[in-house]
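Quick one: the structure is below, questions incoming.
The letters A, B, C, D and E name the chains in turn, as written, and every chain counts its residues from 1.
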Amino acid sequence: MVLAKVLGTVVATQKESTLQNLRLMVVQPCDGEGQQLGAAVVAVDAVGSGPGEYVLYCTGSSARQTAVTNNRPCDAVIMAIVDQWEIEGTVKYRKGE
Amino acid sequence: MVLAKVLGTVVATQKESTLQNLRLMVVQPCDGEGQQLGAAVVAVDAVGSGPGEYVLYCTGSSARQTAVTNNRPCDAVIMAIVDQWEIEGTVKYRKGE
Amino acid sequence: MVLAKVLGTVVATQKESTLQNLRLMVVQPCDGEGQQLGAAVVAVDAVGSGPGEYVLYCTGSSARQTAVTNNRPCDAVIMAIVDQWEIEGTVKYRKGE
Amino acid sequence: MVLAKVLGTVVATQKESTLQNLRLMVVQPCDGEGQQLGAAVVAVDAVGSGPGEYVLYCTGSSARQTAVTNNRPCDAVIMAIVDQWEIEGTVKYRKGE
Amino acid sequence: MVLAKVLGTVVATQKESTLQNLRLMVVQPCDGEGQQLGAAVVAVDAVGSGPGEYVLYCTGSSARQTAVTNNRPCDAVIMAIVDQWEIEGTVKYRKGE
């Protein structure tokens, strides 16, 4: 899974019918310090995340293993909102601080 | 999923029989500002997109989860035409503007 | 899918039994101008392609969705020989010219 | 599979229900000398690994082929703790030394 | 598939039970000239390869399509030992020479 920050949203009315009612989020992968890393991707939101939050997203066929993405043409899904992470014993991020 | 711009088309008459009647598009991944990012790929069109439009494409086994790509040797499919995206509260693209 | 040029062949007699009788080709990914892009890979040929031709190859589980690669340890398959591609209205390649 | 060092942990209370009770680890891919290589990822722990240990993690659909990750939105799993590796006849790492 | 050279081995006693009795090899991807290209990965050996040999390895779900890797958390498998490859009509490698 990839640690990422939710940056924004994408609106698309003309799409595969199975994609109706899914929220499409722009997410920015980040490193262990929370700094931007590589290119942003678009992921389906499965956990009610919002812009500004740190999340985990999952890619590939595993991105279809959620209730909202099952059997859909989705290759990236936000499946967790991050509360905290730590690296080598140091808390690098704690939500709300 | 990847945000991309449709650049053109590919014609291939000699191909796997299951690929008949699919439209093959050249798509250029782009970043949150709509700028070119990395290498172009070829994706099957599942939504009637055309050159110049911004789209989302989906990769891997998830690219086979559309009516037109099911059970076919396709690893990238355009599954949505983008109307608008926004990053950190700013609209970066709105179709037709 | 990836646009690529067939560069050569690989011979391997000691291999998984399910790989008997498959042609293994060295293919070089290329960009929209037909120029070399990144590293060459080895792909199974499913369409009778030969060195010097531009082709499309497909990766991942989708590479097993052809008659010759079904259920085999193959993660890249040539599934189309390219006749022509165009970018922003300009023909960049036409076979035989 | 990728050789990596376990760096830390991620806590996420709001997540897909199928992800309850999984341990999420930050792992840093490394090269044959044990040096950092590319970006850290988040992997589910399936073998009781801890920070500081060298492990192997597995990605994609294969990451769901463990008892703890089966049918879950997980695209990276730690499936082995490394005791030793050697390159060209030289032991590069031995656990506990 | 990726052309690679077998560099060494990995020993891991604490691992997913389904991984017992598999040989884990360190393989170095290489280019058409046989030169090192990118980072080494760890692959399961399905063909009796050894250090110093050039091989092909296969990734993703396709890596589970061998007798030894079926249903196991394995995302890279060596499925062929290379005897020879040629690029643009020139033999670049022939085993034993």
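In the analysis below, contacts are C-beta pairs under 8 Å (C-beta built on N, C-alpha and C of every residue); 3 or more make two chains touch, one makes a residue touch a chain.
This is a predicted model, so every value here is computed, not measured.
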Quiz item: Hey, what chains does chain A share as contacts with chain D?
Solution: none
Self-check item: Shared chain contacts [chain C and chain D, defined touch]
Solution: E
Self-check item: Numbering shared by both copies at the chain E-chain D contact, with half separating same from different
Solution: different
Quiz prompt | Averaged-CA centre spacing for the pair chain E and chain A, given as whole angstrom | solution = 33
Quiz item: With chain centres defined as C-alpha means, what is the inter-centre distance between chain C and chain E in Å?
Solution: 20
Self-check item: Sequence positions of chain E contacting 2 or more other chains
Solution: 59-61, 63
Self-check item: Ring of chains, enumerated from chain C in the sense that reaches chain E first
Solution: C, E, D, A, B
Quiz item: Mind pulling up the chain D residues that touch chain A in the complex?
Solution: 7-16, 18-19, 24, 26, 39-44, 51, 59-61, 63-64, 71-76
Self-check item: Complex contacts: residues of chain B adjacent to chain A
Solution: 1-3, 29, 31-32, 37-38, 46-48, 56, 58-63, 65-67, 69, 77, 79-89, 92
